[in-house]
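Got some structures for you, see below.
Paired with chain B in one complex and with chain C in the other, chain A is shared by the two complexes that follow.
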Partner chain A sequence: MVKIESADIKEREARLVISDTSPYFVNALRRAMLREVPKLAIEDVIFYENSSPLFDEIIAHRLGMIPLPTDLDVLVPREECTCNGEGCPNCTVRYTLSREEPGMVYSGDLQPENEKWRVIDPNIPIVELFEGQKLILEAEAILGKGKDHAKWQAVVAPGYKYYPIIEINQDKLDEDSIKKAIEICPKKILEEKEGKLVVKDIEKCTLCKSCVEVVEEGAIQVRGDETKFIFTYETDGSLDAKTLIIKAAEILENKFKELEKLIG
Partner chain B sequence: MVNYKCGICKKTIDLNVESIGLQCPYCGSKIFYKERPPIAKRVKAR
Partner chain C sequence: MIIPVRCFSCGKVIGSVYEEFKRRCEEYKKAIESGEKPKETPKEILDDLGITRYCCRRMLLSHVDLLKDAAPYE
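This part shows the complex of A and B:
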């Protein structure tokens, strides 16, 4: 059965060591996080005035890419909402932006209806206005999935690698080869202790095998454990790291339950 | 009626596109820009 050997989960990043599993399981989890976990992002922008140097569509695209806080307990996807896609507070979050002075317009200038939905990072530049230029718009944000557009992808750089296994045969190593192995390692995870070559931090190993090439054959063996993985990912702030992985697991579970029902 | 703005003196003038020999009545320029119509425009953020 799948085991979590260690979990370092912070607000916006996480690192898990998952064992007793296969690459297919971890990859399914990674793909669910990328494509299926819903997130809030701006979908429609109503321009009342835009005399900025950028076209309406360019500004709208930039607004769509701004990370917005997402509360999956409160919001529902527009296509499932009781308002039949009209746009109500259950499915749509509205922002306004009105700027007439010269200067850079930032994401923090987007005013939400409710302070709860204020943008996560207020320092993302949108467009620079010069003398006499104005930008007045309204934006509507809805839930969506990463598979429809990258703006709805909450996870950043999800990845996994095999847990490294490094076996050292000290009899085949001398002082010179120990020094070479320590020097060649790009991640500096090898060190000398009492005349022996030891691994300082095995989880940082990238399985490059540079150390294997500079010593006698068989002195160092480096391989990956195909049943144990280091899984890392970050978020853009719209969802916290724990919610993201739990939601991905729930979505996968529901998909398999659906399959079970269909097969009967 | 759509407004046009003179490219040189920047004054807004009413022009009929059917008239031949368009010229700004203030500065004589023949370069015009169409002003953005005062309507709300809905754009997809994609």
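This part shows the complex of A and C:
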């Protein structure tokens, strides 16, 4: 049975040690986070006036990339909405932006119809306006999935690695080789204690095996535990790290239930 | 042109820290030019801003702001 040995979940980043599992399971979770967890992002932009140095399309793309706060309990995807894809408050969040004076236009200048949807990160530059230039637009944000466009991907840099196992045979090491091993480790996780080589922080090991190569054969063995993983990910802020992984697990569960129904 | 909103490789939002990064780097440059010891190096600024992966670091380090040059051509 899958176990979480330690979980360090902050608002925007998390680090989990998952044991008693296999790479297939951890990777399924990773891919569900990347592709399937829905989030809010700007999809349609109506330009009333744009005399800025950037094209409408570039500005629309930049607006799409801005993380928006997502409340999955309130919003429904537009295809599943009772409005039949026309766009209603249940499936669409509207923003307006209007600037006529010179200066940088920031993501914080997007005015939501309800303060609940205000952009999380107000300091993202969108475009700079110079003397006499104007930018007036309306934007519609909807729920989407990472498999359709990266702007709907809430997770950033999800990854896992095997939990390192380092076995040291002290009899085959001498003062000189201990020094060499400590020196070559790029993460500096080895140290000497009372004439013995010890591991300081095993989770930082990248399994590079540099230390194995500088000592006598068999003195140090480094390998990955194929049933235990260090899983790390970040979010762009639209969902918090905990909601994100729970949602991904729910989606996986529903997919398997569906498969069961289809077979059974 | 203008700083991208996100890192091309990993998708982290990096646009929001660009102006602060630029401002602090200019302070660093000023200190170096006047022969003083700078308060922080660009490396320390990036670390402090939470830009830890090298894909995101290159987004800020290699960016050239050319929007001003394009300004007359709306």
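Quick notes
Please note the rule applied: the second predicted complex is superposed on the first by the 264 of 264 C-alpha atoms of A that agree within 3 Å, B and C clash if a C-alpha of one lies under 4 Å from a C-alpha of the other, contacts with A are read in each partner's own complex, and residues count from 1 in each chain.
We take it that a residue touches a chain if its C-beta (ideal position, glycine included) is under 8 Å from a C-beta of that chain, and two chains touch if they have at least 3 such contacts.
Worth saying up front: this structure is predicted, and the values here are computed from it rather than measured.
Residue contacts after overlaying the shared chain place A:Ser51 against chain B and chain C alike.
Legend: residue contacts after superposition of the two complexes on their common chain; A:Ile230 is shown touching neither chain B nor chain C. In the superposition on chain A, contact of A:Gln153 is made with chain C only, not with chain B. In the superposition on chain A, contact of A:Ala139 is made with chain B only, not with chain C. When the two structures are aligned on the shared chain, A:Leu173 is found in touch with neither chain B nor chain C. Of the two partners, chain B and chain C, it is C that touches more residues of chain A.
When the two complexes are overlaid on their common chain A, residue A:Glu43 makes contact with chain B while staying clear of chain C. Of the two partner chains, chain C is the only one that A:Pro67 touches; chain B does not reach it. Once both structures are placed on chain A, chain A residues 51 are touched by chain B and, in the other complex, by chain C. Within the complex formed with chain C, the chain A residues making contact are 51-54, 62, 65-67, 104, 107, 121, 123-125, 127-128, 130, 133, 150, 153, 156-157, 234, 236-237.
Of all residues in chain C, those touching chain A in their complex are 1-3, 5-6, 10-13, 15-19, 53, 67-68, 70-71, 73-74. Only residues 36, 40-46 of chain B touch chain A when the two sit together in their complex.
Looking at the complex, you find that chain A touches chain B at residues 41-51, 56-57, 60-61, 63-64, 139, 149, 151.
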